[in-house]
Structures are given as C-alpha cells and as structure tokens.
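Lettered A, B, C and D in written order, each chain numbered from 1.
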Amino acid sequence: MLAYINITPAGTGEETKELIAKAVKIIEKSELDYQFTSMGTIIEGEWDEIIFLVKKCHDEIKTFADRIVTTITIDDRKDLKNRLKNNVLEVEYAIGGNLKTGGIT
Amino acid sequence: MLAYINITPAGTGEETKELIAKAVKIIEKSELDYQFTSMGTIIEGEWDEIIFLVKKCHDEIKTFADRIVTTITIDDRKDLKNRLKNNVLEVEYAIGGNLKTGGIT
Amino acid sequence: MLAYINITPAGTGEETKELIAKAVKIIEKSELDYQFTSMGTIIEGEWDEIIFLVKKCHDEIKTFADRIVTTITIDDRKDLKNRLKNNVLEVEYAIGGNLKTGGIT
Amino acid sequence: MLAYINITPAGTGEETKELIAKAVKIIEKSELDYQFTSMGTIIEGEWDEIIFLVKKCHDEIKTFADRIVTTITIDDRKDLKNRLKNNVLEVEYAIGGNLKTGGIT
C-alpha cells in the first residue's frame, strides 16, 4: 500500500527543515521505497511497516516540539504492487506523454 | 504558496487513472509549476491560481463520477518562493546527501 | 457539498486557540451551516461559498502567523443536500442506535 | 492525543453508509472517547490505541471494497488531556459564546 506522510511541528518557529531532516534520515535508513517531496513523503509498504516508520519519525520530532500534527493517508488496493512508480507511469501512458514527476529537474 | 491536491472519485470502480489523466492534462496546460506523484499533485502558485485550477479539475472529473472527494492542503509562508524545489534542496542540504525525490528514477 | 476545514498556524507557539477563535467568528457570521469540532470545522455550502469563507479565515490568521497550513477536504455528491445532519442520521439508522455526535455532551 | 479519521471506500458505488456503519460499530465498542461527524470520526487516546482501532476499521471495510483510502490526522500535544471537549470549550470561552458543535441539534 501507498502512504502519504506529512509531519508539521508547531510551537517551534516556522523553520522546520532541521526537524524534517531528522525524520527523513529515519525513512532513508528503512528498507521501504519512498519519495520525498516539498509537501510530504510517500512510502510504499505494508500497514505495520508504514506505521512503525511513521511512529519513529513522529517520536523523534516530538522530542523537539511541544505539538506535532501528523497526517497519514493510506491508499490500499488489494491487487497492485510497485504503485509508487506504476501509478505515475500509468497516468503518463493514459495521457500519452511525460509529466513533471521529480522535485528537482 | 504550495498546494498538495488529491482528487478521489467514488462510485466509478477503482480504476481512476483515466479520470486522473483528465485532471493532470488541465494542470499541465496551466502555467503553474507542478509535480505529479503517485498520491497527488503538488502545485505552486497564488491562492486564486491554485483554487481556479483545482476547481477546473474537480468539475471535469465530476462529469464522470457521482461523488468526488477533493483534498487541498495549502502551505503558505510569507517570505519564500520556489518552494517546490527549494524545500527539497534545503532538507537535502541539512542531511548532507541526496534523497529519492522523483517518481521515476 | 460538505467541506472539512483545518487551519494550523505555525511559528506562533502552540497556543492557537485565540487564532482559531478569530476564524470561527468569521464562519459563525456567515450564513452557511457548520459544525465546530476539536479537530476542525465542517461547513455545508456550494464550492464558491466554501472557498470564499476559508480564504477569509486563512487571510485573517495570516496576519498573525508567518506560516499557515490550511487543509480543505470537499466531499461533493450530485444528488444530496443537508448532509451535515443527514450523513450522521443515516449511519445511526444503519446501526440502529445513537452515536456520540456532539463535542460537548 | 486526538485523531481525525476518514475512511473512503472506492469501487463500491457511492453509497458507503453501510460500510461506515460497520466501522463506527467497532469504534463504539472500544473504550476510547469519540465523536462521529458527517465527514469523519474524532478519537481521543494514545498512539497505539488509536492505530489499533483504525486498523480494525480499515480491515473490516477492506473485506467489502477493492480499494480504501484511509486518512489519519494525529494532533499530539505533550501537556493536555480531554481535548475532544476542552478544545471546543476553550474556543467558545475565547469568543465568549456558544458555537454549533453537534451533528444533530
């Protein structure tokens, strides 16, 4: 399944990039496939793997912020795998062309 | 400002890629910078530009589905521009390395 | 259509209740039906009415915070009205009993 | 901590109220405090309690739908309890009046 994760610390000033970096390091060290974007991170894995990882990120950031708002959106389909890439490829195929799909071109 | 957009049609079977393709074409033709991912699309622009574009996508998909759930998350900071790319670059700088940032590597 | 609205100011300390109060006053003065909860506000209306109201709330809070994250989830069905109450009533009917539906019992 | 939960089944027609009823029954039988609304359910509890409950609801609905999109927004503050009611009361106090806080008045 795919999960879109957004962690917003509050009460720490608006500069959250150092805190986000701490969370992304945890995701990077995991064995799950992921895509980091300007608005959140997409992870592909099973429910328990995803939740375990998000909890680790949430707890890490919690040590630095008094309040955290963490959003997890899980898109779960019985029949498909490798959706992090295939979802994008299928839509590109449907429109018959390339889309901007990378954070840094 | 940055906006993360997700449009989920319901009541049309689980194959939504044809409908998503119709929405992405509209975004592609606009002049706003965007990034298409497996979970949603990130757009950079001003409030009115973003809302105008999302409404167009929503209305297009509505002609094919009886029910649509559209989520718009707007991250608005007074002081920064080009955040679609810079947010990613800053976190990469903070961790001192590259991250997976593209849907198709 | 129904809209769930959440506005999270950042960079202002974790006490956001004064800012939320400013936004809720704007919603209260509008003619749209709403429900205020501990996590966000649900509004019922047409697309333009909802967006106009959310923009007003967003702009009001923006005068006090350097960064705001505003999430709007729109659930749009062609055929139904008065869903703020009827959605709840229908599920209560389906389970054959009452649910906790108020923030303050 | 507070969690706002939304489960949207896809590929099952737009009438999801029977499926939502199945999930709400599970929440009702738990010992966590909750508020059911027209757009989602708010639960108050600890991380593990909340995730356990959402997983149970997600799995139950998954037996009836080929695709499910589940969103969990967790608002975690170190210092406060009983926020399901107190968040609402504090904003009412700040505006000096009552708000519409129930799904069915």
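The criterion applied here is as follows: a residue touches a chain if its C-beta (ideal position, glycine included) is under 8 Å from a C-beta of that chain, and two chains touch if they have at least 3 such contacts.
Keep in mind that this is a model prediction, so the values were computed, not measured.
If you compare A-D with B-D, the chain pair joined by more contacting C-beta pairs is A-D. Of all chains, the one whose CA centroid is most distant from that of subunit B is D. Chain centres here are Cα means. That of subunit A falls 14 Å from that of subunit B.
Inter-chain centre distance (subunit B to subunit D, centres taken as mean C-alpha positions): 26 Å.
Looking at subunit C, one finds that residues 14, 66-67, 69, 73, 75, 77 touch two or more other chains.
Within the complex, the subunit C residues that touch subunit A are 8-11, 13-14, 16, 66-67, 69. Across the interface of their complex, subunit D is touched by residues 2, 4, 6, 14, 17-18, 20-21, 24-25, 28, 33-40, 42, 73, 75, 77, 83-91, 94-95, 99-105 of subunit C. Remark: subunit B residues 47, 51, 55, 58, 62, 66-79 touch subunit C in the complex.
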